[in-house]
Amino acid sequence: MQIDSGDTTWVLASTALVMFMTPGLALFYGGMVRAKNVLAMLMQNFFSLGLVSVAWAVVVYSLAFGGSSKWIGNFDFAWLRDAPHAFPPGVALAIPPLLFMAYQMMFAVITPALITGAIADRMRFGAWAWFLGIWLIVVYAPVAHWVFAPSGWLFRRGALDFAGGTVVHINAGIAALAVSLVLGKRRGWPGTPMPPHSLPLTLIGTGILWFGWFGFNAGSALAGNAVAAQALVNTHLAAAAAMLGWLAIERIKGGHATTLGAASGAVAGLVAITPCAGFVGGMAPVVIGLVVGVICYLAVNIKFRFGYDDALDVVGVHLVGGIVGSLLLGLFADTAVNAAGRDGVFLGGGWGLFGDQVVAVLATLIYSFVVTYGLCIGLKRVLPGGLRATDEAEETGLDLTEHAEVGYSFVDR
Amino acid sequence: MKLVVAIIKPFKLDDVKSAVQDLGVQGLTVTEVQGFGRQRGHTEVYRGAEYTIDFVPKVKLEILVDDADATGVAERIMESARTGKIGDGKVWVIPIEGAYRIRTGEAGADAL
Amino acid sequence: MQIDSGDTTWVLASTALVMFMTPGLALFYGGMVRAKNVLAMLMQNFFSLGLVSVAWAVVVYSLAFGGSSKWIGNFDFAWLRDAPHAFPPGVALAIPPLLFMAYQMMFAVITPALITGAIADRMRFGAWAWFLGIWLIVVYAPVAHWVFAPSGWLFRRGALDFAGGTVVHINAGIAALAVSLVLGKRRGWPGTPMPPHSLPLTLIGTGILWFGWFGFNAGSALAGNAVAAQALVNTHLAAAAAMLGWLAIERIKGGHATTLGAASGAVAGLVAITPCAGFVGGMAPVVIGLVVGVICYLAVNIKFRFGYDDALDVVGVHLVGGIVGSLLLGLFADTAVNAAGRDGVFLGGGWGLFGDQVVAVLATLIYSFVVTYGLCIGLKRVLPGGLRATDEAEETGLDLTEHAEVGYSFVDR
Amino acid sequence: MQIDSGDTTWVLASTALVMFMTPGLALFYGGMVRAKNVLAMLMQNFFSLGLVSVAWAVVVYSLAFGGSSKWIGNFDFAWLRDAPHAFPPGVALAIPPLLFMAYQMMFAVITPALITGAIADRMRFGAWAWFLGIWLIVVYAPVAHWVFAPSGWLFRRGALDFAGGTVVHINAGIAALAVSLVLGKRRGWPGTPMPPHSLPLTLIGTGILWFGWFGFNAGSALAGNAVAAQALVNTHLAAAAAMLGWLAIERIKGGHATTLGAASGAVAGLVAITPCAGFVGGMAPVVIGLVVGVICYLAVNIKFRFGYDDALDVVGVHLVGGIVGSLLLGLFADTAVNAAGRDGVFLGGGWGLFGDQVVAVLATLIYSFVVTYGLCIGLKRVLPGGLRATDEAEETGLDLTEHAEVGYSFVDR
Amino acid sequence: MKLVVAIIKPFKLDDVKSAVQDLGVQGLTVTEVQGFGRQRGHTEVYRGAEYTIDFVPKVKLEILVDDADATGVAERIMESARTGKIGDGKVWVIPIEGAYRIRTGEAGADAL
Amino acid sequence: MKLVVAIIKPFKLDDVKSAVQDLGVQGLTVTEVQGFGRQRGHTEVYRGAEYTIDFVPKVKLEILVDDADATGVAERIMESARTGKIGDGKVWVIPIEGAYRIRTGEAGADAL
C-alpha cells in the first residue's frame, strides 16, 4: 500500500501521545503514594520506558507480532531485522511499517507500568527490573499475539479489542493482583492512613493520561479517518461520563465529591472504552462511562474485604474497568461505525460476539494470573534480596533506601 | 527573664503580633505546630476510605520578656487570640536563666 | 467533500490539544490560590471536562450549531443523532463531521472553566455544578451560535472571530465579573495577602496552555493548510510579544520582572490573538501582543479600585484581552492572509469591519453579563446552601470542607 | 511544490511539540535547583520563549536562513517580509514556507535556554536578558546558517546534522562552559550540598522533553514520511538505551540506580541521537544510546576535577552528548535509511563523513566558545550590575531578590 | 506545672499519644524537628556526587501537666516510644510558672 | 541540667553545629521557625500587588547540657553564629528538672 502522509502523521503523533502516557501514569501514581516513596514510584514507571523499549526492539516485538502462529510470534523481526520493510502477516496500512512497530512499543511500555500501582511502597527496584523484563516476554508477548496479531487465536475467533482492553488493562490488572498477593501488604495497611501526598501531582498525571489516551484509542485506527474520529469522541465521552458516575455515587454514599474521585472516574472510563473505542457509536460511550464509573467506585473497596493490598487500585480500576468495557462491547458493538467490527447484542448481532468477548476475558485472566503468580514466586526464591524491601527500608521510605534520593527539599539544609 | 509561650490558631497570628507589639515587644519567634486537644480534627476521604486526622494546625509563639512584663504579655496574648471557640489554645510561662543577643553579646533585658 | 487524511489528522491532534488546555488551566489557576484551596480549584475545572462534555453530546452541540436560525440552534444533533453524518448548515470541511462536533466540544469545556479563576476560594462545589450546566445552555450555546454558526446573526453580519475572542474570552470574562459581583469578596480581601501557593504549578499550567493553544487557534483553520500555519505563527508571536510587553511595564512601574507576570503576559497575548489568529499577518501579532501585554497589566489592578474580587484576574486578562484582540482585528485583518476574512482599517478596508467587531463585542458583553448575573441571583435564592461556602469553610479551606481531601501531605502523619 | 496536508500537519504538530520542550526544560532544570531559586530558573527559560521568538521574526531568522552566503544570512526575511511566500534558497518542501520559519524558531528558543542550567542560582535576570538577545545574533544565527542552511559552509562540505547536534547541543554546551567560567562558582560550591529541591518536578520536565523531542527529531524530516518514522524510532530507542546505560554504570560505580540518573540518561540519549535521528537505522540507536549513557555519567563529574561550576551539567550532558552523537554519526550513517545522507564508516562509506563531522564539531566548539566568552567578558564590564547577583542575593535566593516572588507557600501567612 | 518535652521517632507518635491519653492527658502539641545525635543520618547521591545528611527527622512533643503527673507522663512516654535502637530520643521536664487556657482564661491545672 | 536554646540564621547551622561539637556536645535538635524582630522582612509582588512579609526564616536549636556547660555552649553558639548584622538571633538558657534517654532510661548527664 502507498504511504499516506496524513495517516503517517496521525500515527506519528499518536505514538508520541502514547509515549507521554507513561510519564503521565508515573505522576498519577506518584502523587498518590506517601512523599517518602514518590521517586521509587516514578522510577519504576520511567524504567519501563527504558527497559521495555529496548527489549521490544531486540525481540519482544517479534515475539508478539512475527509469523503466523495462533499462539506466539517468531523471530522474523528480532533486532528489528524485517521491521522497516514489512508489516506483520495480515496487517496492511498506509504508513511506514517501522512506525507500526513503534506504536505498538508504547503499549508494551505502559502495560507493565500499570502494575506499579499495586506494588507501591514495598517492592525492591532490582526485583521490579527482573519482573518487568521477564513478564514482558512470558505474559505480554503471547497475550498481545493472541489478540492483536491477525493470526492470534482470539483475533481469529473474532474477539474484538480496539486498543487493548484485554491485552493492556485486564492483563495488567490481573497481574497486579497476582503480584500484590505474593508481595503481601504494606506495613501498617490497612490500619495506618496512607493518604496521597500530592493530589495536584495526581491531577497533572490525569490530564496527561487523558490527553495521551487520544493517541492510544484514536491512534489505534492507524489512520487519520472517520474511525479515528469516532474513537476520539468515544474516548472523551466515556471519560467524562465515568467521572460523573463516580462523583455521583461517591456523593450519594460518602457525602463528598472528591478530586481523586474525579480523576479515578475519568481513568476508569478511559479504561472501559479502550476495547470499544472504534467499534461503538452514538451515546454508547456515555452509557459505558456512567456504568463503569459506578462499578469501579464500588470495586476499589473490595480489597478491604478480601485483604489484598492493591495499593493504588489497579485491580479496582484497570481490571474491573477492562472487564466491564470488554463485555459491554459485546452489547454495543456496531458495524455501522466500523465495518471491520461485529454487531453486538443491542445492534441485532446476537450473543456471538459477547461469547467471544467472555472467552477473551477469561483466557487473559487465567493465563496472566497463573503465569504472573508463578513468576513472582520464582523470583522471590531466586533473587538474593527477594521481592520486598526490608521493614526498615519500608519505614524509611524507598526513595532513600533504594535510590539514595529524596523527593523534595523545600528548606535549605 | 521569662519566656512566654503560646499555642494559638494560625489565623490569629497577625492580631496577636500587633497586640504584643503595642506592649513594646520587639521580637518573637513563630513555629508551625500540630495540636491535639479537645478540638476535633477532621476526616479525609480517598476512594471511599475514611481517614480521621486528630491533629489541628496551630502556631506556637515564643516571646522572651522581662520578668515584670510576663503577665502583661500573657494576658494580652489571651485577649487577642481568643475567639471563644474550642481550640483557642494555651499560654504558659517559663523561667529563663540567661538571654543573649548573638549580634552584640548583650545579655538580659538588653538582649531583647 | 472527500475526507482528507491530513486535514483530519490536524483536527484530531488539535482536538486533543484543546482538551489538554483545561487541565492546563486548572494548574495555571491551581498554583495561584492558597494551598488550602488548590483541589477545589482543580476540581471545578476537571468537572467541566465531565459535565460539559456529556451535556454537549446530549443537547448543547445541537443548540449551538443545529439549524439555520439567526439566534439559536435546534435539536437536529441532540443525542448526537445527525452528528456523525452531517455538518451544521453552511459548514463544509474535508474531515469527518463527528470530528467537528468533538473539536467544538473542547471549546465549550474550557469557556466556563475560565470563570473559575474569578470565583476562587469561596464558591461551593454544588453551586458551581448547577451554574456550569445552566450557563452552558443559556449563555454559551446562543453566543456560540451567533458567532460561529454560519446562520448566526453576528456571523452573517460579517463580524470575525477566528477561534473565540468573543465566544470564549469576552463571554467568560464578563460572566466572571457577574459571578464575582454576586458572590462577593473573599474574606479578608484585599487586606490579607493571598499569594500564589505554587508558582511552579502555575508555570506548568502556562506551558500546557501555550502548547494547547496551537490546537485552539491553528486548529480553527480546520485543515492542515497555510491558514493553520499562519494562525500558529500569529499565536506564538503574540504570546511572546505580550510577555515582553507585560514584563517591560512591570519593570518600569514596579521594579521587578516577575515570573507570574511572564505567565500572565503570555496568556494575555494568547487571548488577544485568538480572534485574529487566521486573519492577520506579518508583524501584526507582535504589535497586538505588545499592546495587550501592557493593557492587561494595567487592567488587572482595576479591581482594587472598583472593589470586586476577581480573584485570579479573569476580567483583567480574558475580558480585557479579548476585547483588545477583537477590536484590533478590525484594524489589522488582511484578506491576503485569508480570503474568507475581510480587510481591516490598516489594510484599506475602512471602518466597516471595526464597526461589526464593536457590535459583536457589545452584544456578547451585554447578553452574557445580564443573563449570567440573573442566573447567579436565581441560584443564590434557589439553592439550599446558596452560592458561597460558609465563613468557617472559607477559613479552613475548601479542599477539606468541600472535598474532604488535602492537597499536600509532605510529612507522614 | 504543492502543499501536502499530511506533511503540513506533521510540521504543525512538531512545531507545537518543540515549543513545549522549553517549558519542559524549565521544569527539568527548575526541579534541580534549590527551592529559593526555582522561579529564577523557570523565568530564564520562559523569557527565552518571549525574547527569542520576537527577535527571530524581526531579524534572526533572516540572518540564519536568508541568502546564499557560506557564512551568514541576509535581510530578505527580516520583519518576516518574504517568509510567507518563499523558502530559504535550496529548501523545497510541501508545507507553507511560513511554517518552516516557525519550526526553526522553536529551535532558536530552546538552544540558549539550555545554557540556563549552567548559570543557575547566580546570574542576574537583567544580565541574562542582554546575553540572550546578543548571543542569538552573534552565535546562534551564524552557526545555524553554516549547518542548516543549504548554502552554509558546513552543509556544503557534507557535514550531517539531522536535528541539531552541533547547532543546538554542542553550541549551547560549549557556550554554557564559557558563561560559567566567566560567571564563577556558586557560593559554597562544591562544599555545600545543593541537592535538587523537587525531583518530581524534574521528572515532569523529563516526560515533556522526551515527548517534545519527537517533534524535534522526527519533525526534522519536515514531512510525514518514512524518514520521520525512522527518526522517531531512533529517538525513542536512544533515550531508552541511554537510560539503561547510565543506570547500569551508576549502579556499578555508586551502588544506586537513581531517578535523576534515569532522567539524565534519557536526556543524554536524546541529545546524542539528535544529529543522527534521520540518518541511522537498525539497532544503531541502541548502541549510540548505551555508549552515550555511560560516557555522560562519567562526564558530569569532570567539573569537580577542573573546578568550573556547571551547575546542572549542561557540559556533561549536552556538550559531551552532542559530540558523541555527531561523531558516532560518522560511523553509523546509512544511505539506505535516508538517501539525502551519506554512508558512515560501518556502512562502507569510509572516513570521509567522519572527518567532516570532526570539522563541524571543532568549528562549532571554537567559534561558540570564543565568541560567547568574549560576549560575557564584555557584558560583565558594560552592565552596571555585572553578570552576577550579589552575595547577599545569592544567599537569600534569586526568586525573592530578582523577581520579588517565592516559589512555594504551603502555609498561610 | 511542668512541661514534659519529648523528642521521639516520628512513627512512634501514635503509640505515644495513646499511651499518655491513657494517663489522662487531654492535649499536647507536636512539632516536626530534625535531630542530630548518635544515630547516623543518611547519604544521598545526585549524578554521582554524594551528600551526607546528618539530621534525622524527629517529632517533638510538648505536654503541659500537673506537677504530680510529670514523672508518670515522662515514664509512660519512654516506655511507649522505646524501640531499643539508637535514636529513640530524649525526654526532659521544664518547670512552668503559669499556664492558661486562652478560651476561658482559666489558669493552672484547670487550663489543661 | 540546662536547655540552651538558640535562634540563628539558617545558613549558620553547620558552623554552629561544628562549633558545639568541638565542645563535646553530642546531640541537638533543630526546628525551622519564623522570626520577627528588628531585621526587616521582604516584599513580594504578584501582578502588581505588593505584599509585605514581616517574618524571616530562622532555625531554632535546642541543646541539653550539664549545668556546668551551659555558659560555655551559649558563648560558643554566639561566636559561631555571629555575622554582626541585624537578625543574628538570640540565645537563652532554661533550667531543666530531669532529662532521660528513651532508649535506655538513663537520666541526667548520662542521658546526653
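By letter and in written order, the chains are A, B, C, D, E and F; residue numbering begins at 1 in each of them.
By our rule, a residue touches a chain if its C-beta (ideal position, glycine included) is under 8 Å from a C-beta of that chain, and two chains touch if they have at least 3 such contacts.
None of the values given here were measured: they were computed from a predicted structure.
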Chains shared as neighbours by subunit B and subunit C?
A, D, E, F
Higher C-beta contact count, D-F or D-E?
D-E
Note whether the interface between subunit B and subunit E is symmetric in residue numbering, meaning over half of all numbers used appear on both sides, and answer same or different.
different
Among D-F, B-C or D-E, whose interface repeats A-B's (more than half the contact pairs identical)?
D-E
Could you tell me the distance, in whole angstrom, between the mean C-alpha positions of subunit C and subunit E?
52
How far is the middle of subunit E from the middle of subunit F, if each middle is the mean of its Cα atoms, in Å?
18
Where subunit B touches two or more other chains at once, by residue number:
11, 31-32, 44-46, 53, 55, 94-95
Two or more partner chains touched - positions in subunit A
4-7, 9, 13, 193, 195-196, 198, 204, 208, 224, 254, 256, 258, 260, 404-406, 408, 410-413
Graph class of chain-chain contacts, one of line, ring, star, complete, other:
complete
Quick check: in the complex, which residue numbers of subunit B touch subunit A?
44-51, 53
Which stretch or stretches of subunit B touch subunit E in the complex?
2, 6-8, 31-38, 54-55, 58, 60, 70-71, 74, 77-78, 81-95
Sites on subunit D touched by subunit F in the complex
395-396, 400, 404-406, 413
Complex interface listing, subunit A residues touching subunit C:
4-7, 9-10, 13, 17, 34-36, 193, 195-200, 203-204, 206-208, 210-211, 214-215, 218, 223-226, 228-230, 232-233, 236-237, 239-241, 243-244, 247, 254-260, 262-263, 265-266, 281-283, 286, 408, 410
Flag every residue of subunit B that touches subunit F in the complex, lowest number first.
1, 3, 17, 26-31, 64, 94-103, 105, 111
